[in-house]
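To start, the structure itself, in structure tokens.
Naming follows writing order (A, B, C, D, E and F), and every chain is counted from residue 1.
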């Protein structure tokens, strides 16, 4: 995995661990619920992650986009599938999404597996 | 189709037609692009509509939610699949999404086919 | 309680009940978590509801504003306290909040107890 | 002026008056500042109202859109000028803006002077 | 105060000063109004800052979150109180708030006084 | 042009080029439409860019603000005109816009031509 993605993943995990140990029940339960929502149901995990990616793009959250792109790569999504999710994100969210599209595209380019 | 959904569809079509005939090239091209983004690609139409629904929920747009729920019903999505898209929308978007979830759920209940 | 507020409360409860019985574990857990977040902790319930109101104003969600104003009335908040929360909401969220401020103010005016 | 626009204007003024008399200094000062920002400066009033309209569209606030369209009509803006502001709003804000575009277009159609 | 917080405070003050001297009456009045809204009223300053923090979290503004956390520390708020405001922000704003929660938590950890 | 603006422009162009060559028809058409929306129509280019700037401020997108400020400088807008667009952005979008205003102001200060 490239440097940028690896650094994101490490920082994310370190801080999530700290937060979970900080003792807020509400935050612990929210994190558990967040994880549960993306588990396989009647929809496969990949479809759920695609929805997570589209939602993250229209809400313009770079960290969330990075996270879902990495998860999609793990779930075997192809670059073409990820690009189509980004197309939906761009059309729904408008030109304000473009700076995030640029950074998302740079990430795609850095991931060797995609 | 129930009254509320039918009325939404009729008003939407009437106004869209008027807007398209108003002669703005930019708006005509945007509408065409919006339609194109949801056509089958490497991802099936249903997956794209699920992404559209999740994005509409986190952006809290009732008309957009109604539109994508109706389209999903046309594409043969089950109620359980739509509910899972709404779960993602709720967790990503937070409790501020709940009023829209209520109205979306009322629509699901009114649609006989779901 | 006035008609508008009463109707909001009834519709909200009916639909929430339906949603909770629809069988989505994720949604049930989210609703439980939402309730838990506003329970007394190191901060009193009233302070938490004031934060909920300010957050609802900047996110421009009329139903959420109505809900938190009704809850604040139940918790014994005064009209002046609610107005100060709305001031914060207006300054943080900008003039785009004004239409919601108008509807919130009409609600305050209808509530006899405030 | 048509019924819908007239009703909006009357309700808006009634509630604004009530709010201004409710005695919050912060709200009174915000309203004064809001008015001042649209006064002629190095930019003419019409340009400022066009910016207000574009901002209202991307923030998806129907009341704000209605207000700025009515103000633009007063300032002698043409329908074509208003349509171009809406084009910018649509492209910047994405398809999520379309329901507001529909309602804005219906308003344009109802205003005899445009 | 730690490096990150100190750097934020210095840059914020330098630029605010420059902006205030740039001569825009509208901006000067907005800044004055913003300050006034958080002064003690019927609600204490700490409650107002808690509302500002919750609003900043749901709007996902890192600089605003940093500012209100620093102000809350000055006002004698405890870490537990700040965490409860963040819980409200997380539940209202959803998982999209989590990256900001991570950065807010890192700041809390760096502040010796909390 | 100063370092920060020059770096923004170079990175923006490099990534836009890569994205356009990545072969997504939807993205290519969106970019073309985005460019077209700002071309001279019944409104001059400068007015359209002012609307783009105001919309970018209320949506709190630093890259978009930078882009429109640079474009406005190219179109011969004065610093006073740009400041008035920012005033509208601040009043419409609220104090949450202030961190972006600070960064926008720093950019203005770095541009020798303004």
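The rule is simple: a residue touches a chain if its C-beta (ideal position, glycine included) is under 8 Å from a C-beta of that chain, and two chains touch if they have at least 3 such contacts.
Please read these numbers as outputs of a predicted model, since none were measured by experiment.
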item	value
Interface residue overlap between copies subunit A and subunit F, same or different (over half shared)	different
C-alpha-based rotation, subunit C on subunit E, 0 to 180 degrees, nearest 5	180
Distance from subunit E to subunit B - Cα centre to Cα centre, in angstrom	37
Rounded Å distance, subunit A centre to subunit B centre (Cα mean)	22
Distance from the mean Cα position of subunit D to that of subunit C, given in whole angstrom	27
For subunit B paired with subunit F, centre-to-centre distance based on mean C-alpha positions, whole Å	31
Residues of subunit E whose C-beta touches two or more other chains	26, 30, 33-34, 37, 55-56, 58-59, 64, 84, 87, 90-93, 95-96
Touch-based graph of the chains, sorted into line, ring, star, complete or other	complete
Residue ranges of subunit F touching subunit B (in the complex, touch as defined)	25-26, 29-30, 33, 36-37
Contacting residues of subunit D [partner subunit A, same complex]	58, 90-97
Residue numbers on subunit D that touch subunit C, as the complex places them	11-12, 15-16, 18-19, 22, 24, 26-27, 30-31, 34, 55-56, 59, 61, 63-64
Subunit B contact footprint on subunit A (complex, rising order)	33-34, 37-38, 41-43, 47-48, 50-59, 64, 78, 80-81, 84-85, 87-89, 91-93
Subunit B partner contacts - residues on subunit D that touch it in the complex	60, 83-84, 86-87, 90-91, 95-96, 98-99, 101-103, 105-106, 109
